[in-house]
Amino acid sequence: MRGLIAVLLLLSGSAFGQVKLAYVGEISGQLAVSGGNFRDGIILAVEEINARGGMLKQKLDLTLYDTQTNPGVARAQMQKAIDGEPYTIFGPVLSGNVKVTLEIVKQAEVPQFIGGEAADLVTLGNPYMFRTSFGQQIGMPKIANYIRDELKAKSIALIWVNNDFGKAGRDQLLRVLKERDIRLAADVSTEAGQVDFAADVVKLKSANADAVFVYSNEEECARIMREARKQGLKGPFVGDTTLLSQKTIELAAEAANGVVGHVGLTVDAPIPEVKAFGERFQKRFKYKPDHNGLKGYTAVYAMRYVTEKKLGKLDRKALAKTLHGLTITPKEEPGILMETTWNDVGEIDRISFLAEVVKGQQQIVKVLPKLGK
Amino acid sequence: MLPAFFILIGTHTFGLPFWLAAILGGVATLILLGLAFKKVMVDPMIHHGVLPLVIATIGLAILMKEAVREFYGADAWPFPALWATTDVTLFGAVFAVQSLLILATCIVVVGALQLFLAGTLTGRCMQAAAQNPAVARLLGIRVERMILYTFLINAALVWIAALLVTPIYLAKFTNGEILGLYAFIAALIGGFNQVRGAIVGGLLLGVIDNFCAVYVSSSYRMAVPLLVLIAVILVRPQGLLGRVEERTV
Amino acid sequence: MGIGILALAGAFLLVAPLGLKPYGIFILSMWAVMTIAAIGLNLTLGYAGQISLAQAAFVGIGAYVTAWLTTKGAWPFWPTYALGFASCFAVGWILGYPALRVQHHYLAFVTLAFNTLVYLVFRNEEWLTNGIYGISNVPRPSLFGFSLKGGREFYYFCLANLVFVSLAAWWLIRSPWGRAFVAVRENPIRALSLGVDTRRYTLMAFAIGAGLGGISGALYAPLTQFVDPTPFALGLSLNLLLMVVLGGSGYFFGPFLGAIVAVLLPEWLRFAQGYYLMGYAVLVMVMMAFWPTGLLGLADRLLKK
């Protein structure tokens, strides 16, 4: 029955000469910055592909669905998106929203490129799910190595946001720190959307650790950094992608200077294709994209590459099957920007970067190799 | 939250210098949150009792939040600080200039408010109007006007608060929720009919909140001010410093 | 005329899913579930006059009881459904005690605090609730061997529950209990002097309202098949309160109408996006300023003229 419907879909799709795509993501609400970047990355890629004649000579037709960063709304909007019978779904970016929609996407058998980074997402058994950036279980060991080898820190004071993203990241970090015999001197939980971090920073300060690890969303990261500087908390400050993102730097202003950390994706990467993407994006949307812009953009090109070069037809199941274990290089598909590999559960592998904020700019200190090499 | 965005609109959209935008933002706050709020919302609703007013206020909060989101975006914005963000060393401890100046401003504002309420004729008329409107009216006090003054003062205080905290907290459309709740709780704990009550409530709340965050569990921090509030409500419903009011049966 | 509208609405609810896509059916199911919670709140607020900002906490408790027991405990659905109701009833009874001491906005704050506390327990006590990760794969039950897995089947199940709850509430309001609730709301001292045990009825109003919240939660969990703490924060409590008041608190069909405005209309008016919420907020304010009895109170007045 499902097969029949799929065939009918394909026929109707080609009859209109359009391939339907859906973005179900955080356009408003708490995570609007990340979701907005992801969306604009997708829009840019779709516009570029359409300007060059589309995919398999058909135009891409993107519909946007706003989850409002709310799981209940996400569930409803994902159902609406699936009712529209898209060829591929992009988003959500918030890990919790990925989880709340997991069952229906799995049942609908539509390939999905998620923005969520919570470690457990790919273990939940949706064979159609693909990441667009590292899960935390891949990012965290890289940071832990940096803390041990470069900072030579023996103890860490951790401040994290108590939502699914922050909690999962904290659990992963604790695990890898323990493996490396680094002591956790403070473990400070904060709320999403929290504005006053005075007490939390006092706690970090009294922990007297060798380094401070900040793990939260962009705006909260900026507020924490401002409060930390105000109270004269000495770093070094370490973090993952969000702490070094463009938005955080802009909001925290000089308080962000000197922050170091691991960045999965960044437009400041010393790679010409990525830089060129950053310029195109800025020209189109009048702001500098963060890593989510890159995630959305490369996901669309991954879909196109497999559909056009590997399959030659619109086939959801084959798309998912082919992408498992596939490596795409910029030589084969310029839009992928960096060599990228998906493993058999949809986890992603590419190079990543160590960066530092210098005078309000993110600068790449070191390029970290792919794990699979 | 709203005054901060008035000021941002002034500087970003109209390109005004910060001080001018701050003053215009203050005027807009007085008109909208003081005058309009009183005339349009409170006046027609006050005879229906407290509950409709509370619910309408929830509606107003949604409206302001959504309007800012729709017309100004969901992003947080940096907000210029009134003073340099440097540190000074006093008596061997390091203080941020910003915190000291915020504290100083608070003391000045509170002192002025107390003087005004207790020392001037208008101030005493306002107190009289609040405590017993009927008698106040008999004595020739223009109760309506006095109530309007309280709303205007309230709006002005909100504006000052916005100028003080937004450089640290950043301007974002959801900021009002948590801060407004804390302010309300502080007033309840201290006692509604006293300036001193609000200050004691605010201080107590701030100290307890921060102590709990540091020494107990930060993941239950959100509940602490509320639990304090429940304790106060159940034991001393008029607030710590409040006077007992006649309660409707 | 009322009966005509009722019949029409009933016919629509029965036929609607046949012409709707899964998304529409999901939204309708959500409407039924939320209406049940709002009926509960209407009993507490509208009939007994006790403001409560804790209804979301009870929906949450009901949802977690069902989700936890049907997944980890591998219990069948019905015992968890009953347990969801019973536990909320018991907790609601206890929450009623502060209402014996304080009223109005004080009571609003006590219940608000309770809601926040319950949310934090959901989130922080990982051993019990799986914390922020939530509980996924909540199974949908079957009835007399008939699987309710499909969206349409589950919708009819929710609808049947709504009808059952409505009938029970209808009976309750017309019983001496319901009349005692109203007496407590209108004039507690007179009620007391007439020999009504106001204490017991105040607690009862809280407990029953909370219990219906629990039933709503027990349906919510298998409807979304995923339970995490975020939906049960204060926002939902405020939303339910607005539903009841906007529809007409103290009117039997108030919650139905309020839930339509709060749950269904936003989906139909999706094109209006942010403006919808602004319009909703303005509607709430205008209603409160001029017709604090809600939409049904307004209709009542117009009809009587």
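Order as written gives the chain letters A, B and C; numbering starts at 1 within each chain.
The rule is short, and it goes like this: a contact is a pair of C-beta atoms (placed from the backbone, for glycine too) under 8 Å apart; a residue touches a chain by one contact, two chains touch by 3 or more.
Keep in mind the model is a prediction, meaning the values are calculated, not measured.
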item	value
Topology of the chain contact graph, where touching chains are joined (line, ring, star, complete, other)	complete
Chain pair, A-B or B-C, that carries the greater number of C-beta contacts	B-C
Rounded Å distance between subunit A and subunit C, as computed from the means of their C-alpha atoms	37
CA centroid of subunit A to CA centroid of subunit B, Å	38
For subunit B paired with subunit C, centre-to-centre distance based on mean C-alpha positions, whole Å	33
In subunit C, residues with contacts to at least two other chains	123-124, 273-274
Multi-chain contact sites of subunit A, meaning residues that touch two or more partners	28, 162
Subunit B: positions in contact with at least two other chains	69, 217, 219, 222
Contact set on subunit B toward subunit C in their complex	40-41, 44-45, 48-56, 58-60, 62-63, 66-67, 69-70, 185, 188, 217, 219-220, 222-223, 226-227, 229-230, 233-234, 237, 249
Subunit A residues within the subunit C interface of the complex	28, 66, 70-72, 75-76, 79-80, 82-83, 96, 99-100, 102-103, 120, 124, 162-164, 167-168
Subunit B partner contacts - residues on subunit A that touch it in the complex	28-30, 32-33, 36, 162, 188-191, 193-196, 198-200, 202-203, 206, 219, 222-223, 226-227, 229-232, 247, 250-251, 253
Contact set on subunit B toward subunit A in their complex	69, 73-78, 85, 87, 94, 96, 98-99, 165, 168-170, 172, 174-175, 177-179, 209-211, 213-214, 217-219, 221-222
Contact footprint of subunit A on subunit C as seen in their complex	21-23, 26-27, 30, 123-124, 131-134, 136-137, 224-226, 228, 230-231, 267, 273-274
